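There are two complexes below, and they share subunit A, which is joined by subunit B in the first and by subunit C in the second.
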Partner chain A sequence: MAYETDQRDSFSTVNPIVAFVFFAFALIMPMLLMHPVLTGISFFAALVWLFLLRGKKAFGPLLKFVLPVMLLTAILNPIFNHGGVTILFYFRYNPITLESILYGAASALMLGAVITWFSCFNAVFTADKIIYLTGRFAPSLSLIISMALRFVPLFTKQAGRIALAQRGAGAGTHSRNIFKKARNGLSILSALITWALESSVTTADSMRARGYGLHPRKSFANYRFDGRDAAIGALIAAGILATGLAAGFRVFSVRFFPSFKLNAVTPLFIAACAVYALTLLIPTIMYLEEALKWRLLRSKI
Partner chain B sequence: MTELSAKPNIAPTLEADRIAAAELLRAEQDAAEKKRARLRRIVTAVLLLVFVPSVIAVGLIGWQDRQYYIVSALIILFSVLPFLLVFEKRRPRARELTLVAVMVALGVAGRAAFYMLPQFKPVVAIVIIAGCSLGFEAGFVTGALTAFVSNMFFGQGPWTPYQMFALGLVGFLAGILFRSEIKSKLQLFLLMLFGAAASVLVYGLIMDTAYVFMAGQNFNLAAFAAAYASGLPFNLILAGATVFFLLVLAKPLLNKLARIKLKHGVFR
Partner chain C sequence: MVNHRFLNNPNFQSKKSAALRRVFRAAFAFALAALIILCASGCSLFAPPPPADEANTCTLYIECTKILENMDDFDADKLDVLPEDGVILEKITVNFNEGDSVYDVLVRETAARGIHMEATYTPVYESAYVEGIHNLYEFDCGEGSGWTYSVNGVFPNYGCSKYIVKDGDAIEWHYTCDFGRDVGAYFDK
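Entry: the complex of A and B
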């Protein structure tokens, strides 16, 4: 899960630095602007890409977990927030305003978009990419992350070995009694921890024997920065710049309190939204392009 | 003949000189190490007591209309990074790295092993034990990285920086408040009391506050009160789990760690 990349997704193969900039942009914009139209575009782009990445099964957890949180946010906001001038009705002597309902809806949309983008992030950013990124400025911490990721499956395997050895020596249990089972589990855990601590020192000695810490370290990197990365990076940078300029010149603006006010729908606004949408759809476009290319090539053979 | 008899006379003095020189060097290194440790402690304290509140103050003053999450996430990020970088810049030894990695892996595996029981997780207990035994610096690093690495399995999200900060703070406090060995029942009791308090008042409180920010709700008392009230049952389950796992794990795990530290001369 944390290790596998989707081979069909072409954005998963771009340089992690470019991908990270893209995700930072995708995640920060909805939170920073909270503009309903932009957040809607962002949510849509994230959902489409997530569908391509994970298929239908991605939407199970989204429906079970994200939808309730979104609904809760949308409902709770008007109950706790009485700002705004358009009072719709009174709920237990508290005014419920149109503005706070709109604000709640916008918050819910923002939350949905952010969590969906994070789901895409989790699919694309495998452990090796995270370590590639952090390894530049924090080699020791990345080494800890990398070792911990390796230790988890190692410990699980070792726990199995210990259980087998204990059973072989007549110390294990087949009993269904939950207390006996728990006791047995604890003795396995105890042996496992001792083994893990001792072997960690062995690992460290082995690292030292191979010269760890003698020279400034270079880290192994599986990612080059090639022409394609530069091109995609330039596209993303142009998109970020254009959206940033549009935000700076107040092409998108929204005000919730005291009264709801959206910016005027001008041709410039529509153009800026289109640029924003295209920037966020870059991974989707790359995926579809790759799929199309594959289909065309295959039909010729 | 004179040369032969002279040799054994000279050799011991040379040997003694060498031992004396080595001892002197070691004493110097120890003194330098102690000085550096004191400096690091001061730096960390300054970070925690001056830097973090000032970042929060700047965030509150510049608190823009509805950008709560961004501002709060930046505050959290800026308070996590210095701790991690202090650890990084100290150029930890290989044995320290592998030991912290083992504690992180135990925390992650613990979270995975109890996936079917919501909130009933040994993570906080393991981070507390790491903080007690390995010290406040490594305790913070263990907590923060346990949150980060376990989210590599369970999914990163807007909650990641808060979890890193909250668990890191638990490890840090455990390292400041407790010594590495449990000698009496009273000490174990105090540790369990701390575990319960840390689960509810540190981890729970930070994560419930984070929810209010994540949902982009307005900054008012009622919203926070509602978040804390709805989070309390979950936090109490977590506190129960922490107390239980500390009762079962604290003594054996701390003893094992103390043995490793003594045997191999790490984290002393």
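Entry: the complex of A and C
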């Protein structure tokens, strides 16, 4: 569910504006600069944090969804993209080149990083934060978005309940006969739609009864912008500025076609990579710091 | 009263075997699809083009001199692969098989010489479309740039897979920067 947040994750408690800036940076950077070292760092940071947030549960979706997507990208790119000077072998009279394989691997890494950051975003950015962030300039839109997002897990849950009830009555979707399966699925869908219509009427009544639409509007969640938020925000802003400047001066330049060319590894490049890594590891560092604090406090008692 | 529908329901089989069966089914479907694709492409996915008959000869010439005249539009990343004199393949005499198209000759000779060449089959024209030779691709030198071909000085207005080569033909591949007009192809009459 989207509402579950990890109580031990301290980045989940920073001001949503700061968190949003961080996620925007983490999501956009790998897409803008397809530098393999940078995307690798980004992927690593996202994986570590996702593991801290979700524990072992993080691996299921990673293995079932992210890994196949990455493999597919890496394999399909050399089949459709034949640019590059290093011809390895021919496939249906078209050359398979080293450069297109490298490009496929780099885009797979980029996709993996972006999807993993999105998983972290989903775990940290709850609906109340989205409303807090967008509620001021687009109140109805943000409400609709958060309600629509809520419908996805809600419908899945309700469909599961209906399916379980149908199964108890002997009409489940697990039948081997595909027509029977489809018919049972349709009856579940019909029950779900009836339920959805009814629940929307109930929701509307409930909202009206609680005074929806009366002024002044207030947000459920109220986040103050305190000293800690300012400090973390300043750190993130400094990291963004530093990496942005480095990117502007072409420290992270990479070229895949016609020949693969990485910029030389200079001290400046290493420093910029370190700054980038530290910026992306801020949530992880905060999490570990909190965990360490707890451990020390507990041992004193 | 016992509900027999409930007890005999196959839904209460173990979940694991159902998941395993689904995986096997998916793997089988994938293998079948791969087999069909392999056979559809004549089982020659990785094979080089067939060798040519020495009885037939034609000439082949590949050039991109028009890029040198339009360096402002040229993609700077591709400077590494641009030949200084603009000639990718000097005019050479090559062999071909009876019924070979201009495309077949290009594929065989570029592959034999390690010259990069990429082409895609375009169903609308029932012909291959040459996207790039020697890593010089269409649109690398402005919007109207790309590869075009002529045989005995004439620019045919159909694809290179449809032109069947005759003995003594002079095939030339030109890189145009202006929809073919700059290399002498006029299709609009």
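The definition used in the following text is that the second predicted complex is superposed on the first by the 224 of 301 C-alpha atoms of A that agree within 3 Å, B and C clash if a C-alpha of one lies under 4 Å from a C-alpha of the other, contacts with A are read in each partner's own complex, and residues count from 1 in each chain.
Rule of thumb we're sticking to: a contact is a pair of C-beta atoms (placed from the backbone, for glycine too) under 8 Å apart; a residue touches a chain by one contact, two chains touch by 3 or more.
Treat the numbers as computed from the prediction; the structure is a model and nothing was measured.
When the shared chain is aligned, subunit C comes close enough to touch A:Tyr93, but subunit B does not. Using the contact criterion defined above for the overlaid structures, shared-chain residue A:Met34 touches subunit B, although it does not reach subunit C. Counted by residues of subunit A touched, the larger count belongs to B, out of subunit B and subunit C. Touch criterion met: A:Phe155 reaches subunit B, while subunit C stays clear of it.
In the superposition on chain A, A:Ser119 makes contact with subunit B only, while subunit C stays out of contact range. Once the two complexes are overlaid on the shared chain, A:Gly83 sits against subunit B and subunit C alike. Touch criterion not met for A:Ala231: it reaches neither subunit B nor subunit C. Of the two partner chains placed by superposition, only subunit B is touched by A:Ile193; subunit C is not.
Judged by the touch definition given at the top, the superposed model places A:Arg176 against subunit C, while subunit B stays out of reach. In the superposition on chain A, A:Ser259 makes contact with subunit C only, while subunit B stays out of contact range. The intersection of subunit A residues touching subunit B with those touching subunit C, taken from the two complexes, comprises 83. If you check the complex, the residues on subunit B that touch subunit A are 66-67, 69-70, 84-85, 87-88, 91-95, 97-102, 104-106, 108-109, 112, 141, 145, 148-149, 152-153, 155-158, 214-218, 220, 222-223, 226, 248, 252-253, 256-257, 260, 264, 266.
Taken together, the subunit C residues at the contact with subunit A in this complex read 3, 5-6, 9-11, 13, 18, 41, 44-46, 48-49, 77-78, 80-81, 107, 111, 114, 116-119, 132, 135, 137. Every residue of subunit A that touches subunit B in the complex is listed here, in rising order: 1-2, 28, 31-32, 34, 69, 72-73, 76-77, 80-81, 83, 103, 106-107, 110-111, 114-115, 118-119, 121-122, 125, 127, 130, 138-141, 143-145, 147-149, 151-152, 155-156, 186, 190, 193-194, 196-198, 200-201, 203-205, 207-208, 212-213, 256. Contacts from subunit A toward subunit C in the complex involve residues 82-85, 87, 89-95, 97, 167-168, 170, 172, 174-176, 255, 257-259.
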